[in-house]
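Look at the two complexes coming up: chain A is in both, with chain B in one and chain C in the other.
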Partner chain A sequence: MSEKRLLKELRTISKELVQEDSSLALNGVLVLEPVSEGDLFEWRARIRGPEGSCYANGIWDLHITVPSNYPTAPPTFRFVMSSERNARLASDSPTATRGRCLRMPHPNVNFETGEICLDILQQMWTPAWSLSSSVVAIVMLLDSPEPLSPLNIDLANLLKSGDQKGYDDLVKYYIERFTIAES
Partner chain B sequence: MSNYNDEHGIGNSQTATPARGGVGHASQFLNLVSPEHLSRTPAGDSESQLDLGLENGGEISHQIAQQLLSAVSEGGLEFRTDLDDNEMFKSPQKGMDQAYFDSLERINKKKIRPGQTCPICASEFLEDPYPLLVRLPCHKNHVFDLECATSWLKEHNTCPICRTELDKPKKAVAQPDSEEDEDMAFFG
Partner chain C sequence: MSEPESDNVTFPALETYLTDANAPVIVRANQKDSYFENVLRGKLQNVIQIFKGQRMVHTHPEEITVGAKALYLALTTLLGSKTLGEEYTDLIYVSRNKKRIPKVLTRLTFILSYTVLPYYISRWLRRVQLREEKEEDEKTATSKVKRRLLGFFKAVSYVKAVDVLLNIHIAIFYFYGSYYNFSKRLLGMRYAYGHKVNEQNAPKGNYELLGALIMLQLFLKGVGKVDSVIQQEKLKQVNASAEDDNNDEGDGVFYDAPIQDEDNQFESAIDLSDPDVLPYIPEDSRKCMLCLSYMTNPSCAQCGHFFCWGCILDWCRENPHCPLCRQPVLEQHLLPLR
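And now, the complex of A and B:
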């Protein structure tokens, strides 16, 4: 069942990504595709931070692992930190001119590993979710952090103490600091 | 050959031991209470047992002993140690059983719009000339392939679309399935 459904998702996603008004494009999903042809269980994604948020200037890559019992079990999403993988993705992507960020400064993302804490990818997962709706949810998570279940305690504490400006500035600093230039 | 219980170290011998241990602790405690305290309070006086006044130290330990004793005799302590060792560390048994799948409303393919897909496998219902379709009770449009719904509901008790909690969660495996009997009676 997994492969058949993933194939259908791939077809829908390929169609959507080229439409400018599709929900994927409007939500800053630039790339969503299998890592290699012939394996539908490893995917990669590239997202842009939501407009109007402190993440707006950043671009990030995600690595997606799909379990064999998908969609009963959720896929695993992780922000990519490895520069090698990034470089490969960047070189064959038309969006390569804009630098991508090698860290995700966010209360619900582990700063070192890129692990994401998002309820719909864990206990709130249902098979009605898909790879594309999950990626969109991750983009939306950037703009609506949940400081009560943090993986990045420092950023969560800034939000909990109500220091929105300090939070925005620190996020922007990290994005600038960890975004690598590309030619 | 090793089975699930062996691999996860939850064999019968291990689950039985803590249960006995719980009772054992209680009886050791009871032995510490002197016999004259036990004999001083009239039997069956439940109100005085509930009153944990501090006037009389001997009375307190006696009352605690009585409560422990009644808890043991009612299986209360045994139940609690059982719960700690079995329920909390096993995956929660919140899936639905076969009786539930059998009771789900079947949908005739004539009621399916062309192009309508199963939310779980994303296949069009009408691709299959003889589709087996079920509707969950939460909403008239929440239709799934029976096979897809079963694979999800074996482990969960919520609708994949709206997360509505579905009735009749599966009880502990050992219990007799009285609900199934009721269903059979209902559907004749």
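And now, the complex of A and C:
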């Protein structure tokens, strides 16, 4: 059952990604596809931070693992956080195209591992969600962090103490600091 | 050893003033005893928990029960005093002919056969059964008669046989009210009143009705069992002859059967990809949001949402909520649409 459903989802997603008014495109989902052709259970996604938020300047990659009993069990989403030490940073070469950001500074994302804490991807999961709606939910999570269940305590504390400006600037600094230049 | 005289001396006129206890009194004494055995078991469990830890208590529940029983009887019957239940109803043990009080050795044998023996027997039976099941798998080529006999014994498993035996024993007890336990019957330890009973208003009667009911139940069970065994044998024979026919006639018969089965399956499934099936469901609600395909065997949850039977069953076995509105949905409340 899961393969059949994933195949249907893939068909809808590839149609929606090229449509300009689809929810995927409107929410800054740039890529959502299986990692390799023959395997429907490993996906990757590329998202852009929501417009008007401190994340607007960043691009991130997500790795998605679909369990064999999907959609009864939720898929696992993780921000890809490679530590490319030798990578050329976008801030050093202003002319190059901005690539993806190597870290996700967010109260509900683990800064080291990229693990995401979002209730609908855990205990509140229902099969009514799909891969595309889950990715959209993650994009929306960026703009509405939940500091009460933090994975990144420092950022959550800034929010809890009401220092919105400090939070915004720190996030922007991290995005600049970890965005690589694409060759 | 506390009463050496009573062990050896016979009382010539004992039967004239020791009246047999009847079933209700014995049952009452037994109930009281089992209550106190339980209390003792609880205390023993606490002690074991303190010295050996909770794990021991959980891994050896049977052993603790047997130990508590043996301890209780050893402290009462073995020492020659009454158990609390016997004291409550004033009963004493007498020998089969009511002329002696059972000896220490008899009492010890009784306690062992009443507590430790059943424990070992049940363990042994379980082992034997396991081993036989294994052997059954390995065994392939045996003569037909032997196989049939084996099959019969297989059908009447040892555990069941012991159960039946014990039931018969209880029924006999209800009729005659003499020996409540099997070991007591074997050792001839029966109960008599420890006080003088006026013959006229002595409580008479046992549980004859109960005994009769048990016997009737056993009889009916036996009839049913024999019947089912005979039916099975007949079925086997029919199957065997059918197989022979198939082999003789060749391939044609083999191919017919599965195709028929498929047809039946197709008829029983309701597939909404066919617009003529359940036409009152509008096109945009004919797909199941769990598998994203047209529904097969559409089923309604209590909240009114529709899913494939298989999809929603898979989901609500793990999470008893509707995937769409999170209202509680139980497997048994799903309503298949026809």
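Just so we're on the same page, the second predicted complex is superposed on the first by the 167 of 183 C-alpha atoms of A that agree within 3 Å, B and C clash if a C-alpha of one lies under 4 Å from a C-alpha of the other, contacts with A are read in each partner's own complex, and residues count from 1 in each chain.
Following the convention adopted for this analysis, contacts are C-beta pairs under 8 Å (C-beta built on N, C-alpha and C of every residue); 3 or more make two chains touch, one makes a residue touch a chain.
All values derive from a computational prediction rather than experimental measurement.
In this overlay on chain A, chain B clashes with chain C.
In the superposition on chain A, A:Thr126 contacts both chain B and chain C.
Overlap of the chain B and chain C interfaces on chain A: residues 1, 4-5, 8-9, 71-72, 126-128. The touching residues of chain B, counted against chain A in their complex, run 119-123, 148, 151-152, 155-156, 158-161, 163.
Of all residues in chain A, those touching chain C in their complex are 1, 4-5, 8-9, 69, 71-72, 126-128.
Within the complex formed with chain B, the residues of chain A that make contact are 1, 4-5, 8-9, 71-72, 124, 126-128, 130.
Residues of chain C touching chain A in their complex: 289-293, 310-311, 314-315, 318-319, 321, 323-324, 326.
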